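Alright, structures below, take your time with them.
Shared chain: chain A. Partners: chain B in the first complex, chain C in the second.
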Partner chain A sequence: MSEKKFDGVLSSVQIDALREVGNIGAGNAAIALSEMVEKRVELSVPKANLLPLAKVPALVGGPETPVAGVYLRVFGETRGSILLLLERDSAMSLADFMVNRKLGNFDDEKLRRSALKETGSIISGAYLCALSELTGLNFKQSVPAFAMDMAGAILDHVLVGHAECEDYVLVVETDFKVEGVRIQGHLILFPDLGTLSVILERLGVPIE
Partner chain B sequence: MSEVTPVGVAEIRASKNSEILASYGLGSCVAVAIFDPMKKVGGLVHALLPESRGRDSGENPGKFADTGVASLVEKLIELGARRRFLRSKIVGGACMFEMPSGAWSSSGKDGRSFLSDIGRRNVEAAKQKLEELKIPLVAEDTGGNYGRTVKLNTETGDIEVNSLFHGSTHI
Partner chain C sequence: MGPTVLIVDDALFMRMMIRDILTKDGFEIVGEAENGVEAVKKYAELNPDLVTMDIVMPEMDGIEAVRNIIKNDPGAKILMCSAMGQQPMVVEALEAGAKDFIIKPFQPAKVLEAVRKALRGEE
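Let's look at the complex of A and B:
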């Protein structure tokens, strides 16, 4: 496959195509989540954007901002990784909804982590499922890994795997409301070398 | 007090003015501070990967710990530091995600050991380069599974390390 030199600028048609994938993916995720928490889950129209790696920490308020990160590797016909970043408060509320009670004390830390890992897995699975339907490509995801720490530190880990290939990442901003409580999250897709051009080609909007 | 200058991923900064150089939210990345306490010249490199292994790091030496350290030393000498008085400190090199075993089995290329080990290897690569250049390592705060923010006072070589859940320290 020919590797086209990619300058990091997507056309509005390409952005729209990726946003549409995000839309369907977020829809899938909302249904899955609402079934799990047995509550009404509303979602906003997601924003899709291609960003230079260095700009990612700013999305969540800078490299020192405390966030929860759920990290999964994607493999199959194309490769990459997915990171779900949730603001700390959003993560806490989401975990509470998942286990259906207030997780106040320290002993529940493990439960909270586990709930958030599962959420990450569901959301990323929903997105990949949409992507798979639209592109005909086959994706598998690894089990999730979890960390709660500074945004910059969490991103470091992901950047390492990508520092030698793509300098741009696809960010889908998701904004959920569970029973009126706003949960803000960023689903960040790190496509491995060439993956993004394959995806865009399959979506019928190839990189020229 | 002195101004704070951020040193982002793959960046190198050196200063002979009283300045605070800061790298925010270091995970597996490593920050190497090198300074001449007599001439009061100091600098910081914020490296992402251990060794350049001959890869072209020409335009971006700060991406790798080995080329980053070498390039920082050159910058310091240019600013008037003397090689034999240089001292160094290392911060960072954590392992942020403990990937369950087997998670990488299908991703090939030994991906698992590569990623979970990268912090430790970053620290090692920095130490090796410092030893090669005969620059004594006087302090370090490395490893663990948490993020750190590092602030270097270029005049004194004093470093403040902050974390979210593991307190603050001076080295």
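Let's look at the complex of A and C:
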């Protein structure tokens, strides 16, 4: 397998292939989410994009925007990290849906954080499952970490533990509606160096 | 008293969810563990009828915990609870001796069905 470093230019076919991963992943994630909250989840067409790292904070409204982040490492046949960033208000609504409806009026911060962490892990799993099906590669996930902080701080934290990564990240905008409440967030895949070329090759659209 | 269950999951939320589903159906939750090391220890202590086992956990993962529990009690009934992307690990867990698996998130009916099946000893 070639491990070419990605230079930032993708053909439209390659972008399409990555979008398809995003689409199927988002579909999986919507099913998972709807089972978790026991409500119908409406899904808008997800937008998948490959972006330079530096542009990530702007996605969520700038480095100082308060967000909830769930972070985990991906290992196995290829390596990388996944960060799910949810707008703070979206995260709060989601935690409400899960904790209050499921377990009675349990106003326990620890439980809410645990619910969000688990959601992040399950949504990441849903996307990884799509990636695994389309590439034939096997992945394992690490234990997730959770933080409620400014977007910039969370990203710095992720990048510090991630020396050998590509300069580009795959971003899937996730936009769900649960009972009319909008849950907005971004799922960001940080491929380790060389990973992107392996994924594109497996998707049948190799970097030339 | 219904069958006794040990719930193993590092996520407090998941433990509460499983506890909720099972107690409503008459099962008795005798213990909870948040990693594999604790799970092995508590299994030996409590000797439950069934274990629900998460896969990705700190300290010792669920697969290693299954190996350890089965080593000491080949008849142990363990049901794996894994997230969608973890299928390769599910296969490993079944090889290690787990009876069955359910995919997170859980629908109560599916959990109960899998739990009853595992208790009957069906694979």
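FYI, the second predicted complex is superposed on the first by the 191 of 208 C-alpha atoms of A that agree within 3 Å, B and C clash if a C-alpha of one lies under 4 Å from a C-alpha of the other, contacts with A are read in each partner's own complex, and residues count from 1 in each chain.
Everything that follows uses one rule, which is that contacts are C-beta pairs under 8 Å (C-beta built on N, C-alpha and C of every residue); 3 or more make two chains touch, one makes a residue touch a chain.
Everything numeric here is computed off the predicted structure, so don't read it as measured data.
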Taking the superposition as given, does A:19 touch the first partner, chain B, the second, chain C, both, or neither? neither
Touching A:132 in the superposition: chain B (first), chain C (second), both, neither? second
Applying the document's definition of touch, where does A:145 land relative to chain B and chain C: first, second, both, or neither? first
One more residue to check, A:57. First (chain B), second (chain C), both or neither? first
Would you check which partner chain A:160 touches, where first means chain B only, second means chain C only, and both and neither mean what they say? first
Examine A:202 and indicate which partner it touches, taking first as chain B and second as chain C; both and neither are also allowed. neither
Report for A:115: first if it touches chain B alone, second if chain C alone, otherwise both or neither. second
Partner chain in contact with A:98 - chain B first, chain C second, else both or neither: second
Common interface residues of chain A with chain B and chain C? 140, 142-143
Going by the contact rule at the top, pick out the chain A residues touching chain C in the complex. 28, 32-33, 35-36, 76, 98-99, 102-103, 106, 110-111, 114-115, 117-118, 121-122, 124-129, 132, 138-143
Which of the residues in chain A come into contact with chain B in the complex? 53-54, 57, 62-64, 66, 69, 71, 73, 75, 79, 140, 142-143, 145-147, 149-157, 159-161, 163
Using the touch rule from the top, collect the residues of chain C that touch chain A in their complex. 10-14, 16-17, 20, 56-58, 83-89, 104-107
Help me check something: in the complex, which residues belonging to chain B touch chain A? 8-9, 24-29, 48-49, 63, 94, 96-100, 102-104, 106-107, 111, 114-115, 118, 145-149, 163-165
